[in-house]
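Each of the two complexes below includes chain A, the first together with chain B, the second together with chain C.
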Partner chain A sequence: MTERRYGMVIDTQHCVGCQTCTVSCKISNEVPGSAHWNHLESLDGEVLYQSTGTFPRTTLAFRPLLCNHCDNPACVNNCPSGAMHKDLATGIVSVNQDVCIACGYCSWVCPYGAPSMNDVDHVMSKCTFCAERVAEGVEPYCVAACPANARVFGDLNDPESDVRKLVQSGKAQAYLPEMGTHPSVYYV
Partner chain B sequence: MNEFETNAVAHEPEYFTRDGKLTRRTFVKGVGAITVASALGFGAQAALPGTVHASEGGASAAGGERAVHAVCTVNCTSRCHLHGTVRDGKLVRVEPGDMPGRPGYANACLRSMSYIQRLQDENARVMYPMRRTGERGSGEFERITWDDAIDEIAEKLNAVLAKDPQAASFYSFTGDLGKLSWEAPTRYAACVGATTWDIEGIMGDHGASMGMTMVFGTHRGAHDSRDYLNSKLLLVWGRNVADTHTSELRDYVAARKNGCKIIVIDPRQCSTAAMADEWIPIRPQTDPALALGMMNWIIGNDLHAKDKLVEESVAPYLVREDDGAYLRMVDGSVVATATGARKDDEGSIGTAPAAQGKAGADAGTYVIWDELTGAAVPAPDAAAIKVGGVRPALSGSFTVDGVECRTAFDHLKDACAPYTLERTGEICGIDPSVVERLSREYIEAQPAGIRMGQGMQRVYHSYSPFRTVATLAMVAGYIGVLGGGASHAGGTATTKPVAGYTGSVYDFDDWSNTGKKANLVPSSKVYAAAVDHNPVPIDFLWIANSNFVNMSPDSNRIIDEVIPAIDFIVTVDPWWTWTAKYSDIVLPACTYWEHWDLIDRSPWAMFNQPAIEPMGESKSDVEIMTLLAKKTGVEQYWDKTDEEWIRQFVSTDHPAWDDFDWERDVVERGIYSRSDGIFDSAIVYEDGTGYSTDTGKFEFYTESLLPFGEEVPTWLPPCEDPREGELASKYPLVYIQYHDRLNVHTQHILNPALEVVQDEPLLQINPVDAEARGISHGDVVRVRNDRGSMKIRAFLTEGIIPGAVATQSGWTPDHFIEGCYQNLTHHTICDAEEAYSMTNTAFYDVLVEVEKA
Partner chain C sequence: MVMETFPLLVFTTFAGLAAGAYAVDSLCGNGRSICRTHTENAPEAKPLRPWLFPLVCLVLLGLGLCGTLAHLGQPLRFVNGMANPGSMIAQEAYWSIAFGLVVVVDLALASFKGVSVRPVRWVGGLIAVGLMVVTGLAYYQSLGLPAWSGAATVPLFLVGDLALGAGLCALLNRSGLANSSLAAASVAAGVAFAATLCAFGLHLARIGVDATGLLVASGVLGPLVASIAVAAVRAGVLPARIGGVVVCLFTLVGVVLARVAFFAAGLM
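Right after this comes the complex of A and B.
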């Protein structure tokens, strides 16, 4: 168990699919090339932005995805170089780009499509939960940017945190728990 | 400092706070912005691709980064305060900037964040003054010097000014809403007595203003979006706030979490519908019919707000049966017409910021029937009725001085009567049981708010949607009550005075001194002006802050008729727009990150300043007009630099500036919270006051529309009617546009970071309509009518009402497989609107056919 366990609860009931999360992360973290550390999928359909159901009883809903900073991360478990690692103080899963051999195994095994190849420097890259901001007590870029306040960030080990309360109340559920990675990102 | 705001799930309804403090969203309660990275071991970690970040409000910038500020001044009207980061002279990052006193309002959308990529791309920008060398539209230009450009322009302009100053036109739109940028071209026009254009008509926003002005007397008026914490129900009507006014979305979310049901009424399941409780799909162009149907149900079930209607609206006002005019009495006798003065301000209602006018001076001549005395008496104000000295009849026929009259309310009731649930449902494409449920939920919510959007008013007879929906809110008793209203936002401007102080907040005296005056012409006449020289010729056209060709109706007509009729066209723009390509000289303009400006957004004053060096040889609009002024004999009005203008604007002894510090508030923070703490009201028309109509009441009976049979709210079929006729059989689908997450207008098109969201224009079409035409998802289709066509990929979705197809507004011809959406739209003059003020472009009143290409 890590000292802190940073996690996130994402409110799909109020997500409007604008992708400000995707873009703020891309710009603010200066994610190079075609890599993205956030992405968006339809919550219940195949095609993003396509309503599901049959007119007029339709649904338009979204599932924003990012690294789930799992307690049992498939990327770390399958990384042949040891580049992918989990920080014991924070629970944040990161890739050491000096060690990474860009084999791409992590992106194949991650259930959430989180690791994203930096095609400029030919090295794996991924969401860091904005570790340096978080260390200063500031929210990750995607959280601060969300115009629907649909993202709540905090320490899942802290009984007073909003994320912990949302998870404990049973309102927030992990996505694809059957994959056994014990994610730290939950969805309402 | 209050550094410790948490992202609590529910918002507190703090309407008016002014603490002047900067806040930064943090997630740790009770811990300041202390760097604890080393304690957590990040220092030893391998370099993350992300870099260190400049902090504001204390921690010093690291890694050679500098915190900068700007206000996004493109016309979604949110005008968000942006916090940028500059490294090595380049903008590398944009985040929400602080909103002192209102931390939940800090916002930066995906467009503003990715805009820095495009504005620092020299291939996207106009870098230098350019002179056309090929045919207009060819895109062939040569680089020239600023001196040569200004000399050539001045020579052309001076020749026109010598002949007829009004034949020179300065057409400045909404590409940059900063005071200097927005107003510099029209201010220059005033200096030389040239023509300017009242912009709302051709751009398609004026229907809302007309509808609002008819009933409220002023063209804007909105509840603070935090007021929806007081609402039980919120109807978001024709407004996709999630994409088009994102700074307000957090308040809608908070309201919903607070128990407010949110219903979106829209032909499309827009982004806002994704967070709402319900989407009610409605056929485009039929919103007034739904409002009439709801009123009919409410009145028919005797649930209308009789007291409020009598006190605050013209409902009890007597209307003559002989000519339909309001009955007027002077000194106890009926007179044919009142001779009282008209409204104070007869000027444009299209361009001036929202201002509360005064009720007409003839307000005292209107007449009600007093049930207490059984006599016709002058219409009293709301307060007099409340105390019970008089009881105006809401309904009834009366004879006064031999003149037969009925109440205005009875006229409204008659207008609503045909809108049974069945007929309303049939017109709007809504199940009658849904119309009934909506009517019931709306009246039973107590209170229910309505947020109206311009999406419903880009139709022929465009005043009708806002006017009719607002009247519904009055019939339900929701005008002027907490959690209610029929709001039209789009900018705030507080003009409330400080007690005992008579001076202005800003010193605009020099800026307003232009010697001569501009000739302001309704923009609905701009095509006729160019082609027929009516009402003014256009021999010289200066286009600024506008992609005129791309964003105006019937682009083929512009290119084939309007532009060839104009001798000389100058376009000032940061971008190589469609319009720029049809110009003779193109001048490079700065973006809002590159020049000084002021945004008056009470209770804040917000400032732009050069965060980066202007790209290429680009200049601010003020710098450009100042250069031109020197060559056209009006240099005495252009004697300041941009920064000097801003310094003068804020140099008054008004109490607003008591605590003002230029270095801290302008240079470091970019936003100043006024010391006098003047905030806009949480709601408008509280206690039945503030209506600035001629009657001083909520005025749903509009005398000036009598010649058009439109004196009470009505629904009229669209100009291009899909229900019947030859056109409908040829072109059976209604084509609408929408403003989406990608673009406000054309400025943000394909900012590189937006390509992941969507990288080409798409035609939304319901599978029912697609299957009937053999069209599958992703097929290339041709969309056409008699005016033009476009080739585009089809996006099948159940989230659009059958019979309508839609594309995102703002794409340019470069992004279509062929053609452009603006080829399909039309510019049709509406007589009733011209008589009232000016035609509003019916961008969404367009029929097309779609076929597999």
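Right after this comes the complex of A and C.
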């Protein structure tokens, strides 16, 4: 068990699908090429931005996806080079790009498709939960940029944190828990 | 995305041919009896080219491994890919190296002694089976790609490689299909491969992916045509030498089509 376990709760009832998180992450973290650390999918349909259901009972909802910084991360377990690793002090999963062989296997074994190939430098890249900002006590870019305040970030091991309370209340649920990776990102 | 997996198609096909051939040969024993010379003065003559089978397998394995290098974004760091024994990719590397070493030993013995040593083939066959299984497991563990994480994935690679191996044994042994055990192995691998194609197709249908056209083409061109060719050889309609070429060629086409369908379905 890590000392801290940073996690996030995303309220899909507040998310408006504007992708400010996607753009903010891409620009602020200078994610190169076609790589992306945040992306969006339809919450209950196949096509993004296409409503589901029958009028007048239609819904248009979104599930923002990012690295779930799992407790039992499939990417770390299956990375042949050991480039994928989990920081025991924070629970953040990162990739050592100096070691990565860019086989892409982590993106296949991740149930959330989170690792994204940096096609400029030909190494894997992924969400870091903005570890440098978090170390300074500042929330990640995607959380700070969200106009709907749909994202809550904090330490899941801290009983006083908002994320912990949301998870303990049962309002926030893990996505694809059956995959057994014990994610640290939850959805309302 | 299909081009992204092309090197993996190269690896699984070429290394699969070599591994499958060793596994089939360890059971049927055809690889060691390549082109026996039968003369009045030497009724128990040694095989004419005992080095051919391990040499072909070594070249195929080498080509396959070169394919994996083309898949890596950082090919010069390939040694790093063996750092985590828990990863099936690293396991593939371990088993490939072990298999390659056995093939080199087999080749050296065949070259210097003039005969293949049977226990070496058995060891090679066992390691080859291990390589085929970990190859399938590497894809099976892709939680993010539902088309690959089904129960049919490991058999698709294991049985496909065995079918390829039977075809290669038939090609390398001019009278191979006259050997009832190789003919039976070839048909059995074909039938098992056809069953695996059906299972894989059902799995794809369950998750809403359609690759029926490629899978049917694979089943017809691979197991069906190859089995008909084996039957024709056994019935004396087709010369064994031509039959070996037909079985190898069509099995190769069938298995490659199935793997194209597999990779395309995973990345749809």
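Definition applied: the second predicted complex is superposed on the first by the 188 of 188 C-alpha atoms of A that agree within 3 Å, B and C clash if a C-alpha of one lies under 4 Å from a C-alpha of the other, contacts with A are read in each partner's own complex, and residues count from 1 in each chain.
Note that in this section a contact is a pair of C-beta atoms (placed from the backbone, for glycine too) under 8 Å apart; a residue touches a chain by one contact, two chains touch by 3 or more.
Here the structure is a predicted model, which is why all the values come from computation and not from measurement.
Judged by the touch definition given at the top, the superposed model places A:162 against chain B, while chain C stays out of reach. By the touch criterion defined above, A:105 lies against chain C but remains apart from chain B after alignment on the C-alpha atoms of chain A. Of the two partner chains, chain C is the only one touched by A:82; chain B is not.
Contacts of A:122 after superposition on the shared chain: chain C is touched, whereas chain B is not.
In the superposed pair of complexes, A:179 makes contact with chain C only, with no contact to chain B. Between chain B and chain C, B touches the greater number of residues of chain A. Of the two partner chains placed by superposition, only chain B is touched by A:55; chain C is not. Overlap of the chain B and chain C interfaces on chain A comprises residues 99. Chain C makes touch with chain A in their complex at residues 4, 71-75, 77-78, 80-84, 86-90, 93, 138, 141-145, 148, 266.
Contact residues on chain B toward chain A in their complex (touch as defined above): 6-9, 24-29, 31-37, 40-42, 45-53, 55, 59, 92-96, 107-110, 113-114, 116-117, 242-243, 246-247, 249-250, 253-254, 256, 269, 271-275, 279, 281, 741, 753-754, 756-758, 766, 768, 777, 795-802.
Put simply, chain A touches chain C in their complex at residues 74, 77-83, 99-105, 107-113, 117, 122-123, 179, 181.
Put simply, chain A touches chain B in their complex at residues 13-20, 22-24, 26-32, 36, 39, 47, 49-56, 58, 60-62, 87, 89-90, 94, 96-99, 118, 125, 128, 130-139, 141, 143-145, 147-150, 152-154, 160-162, 166.
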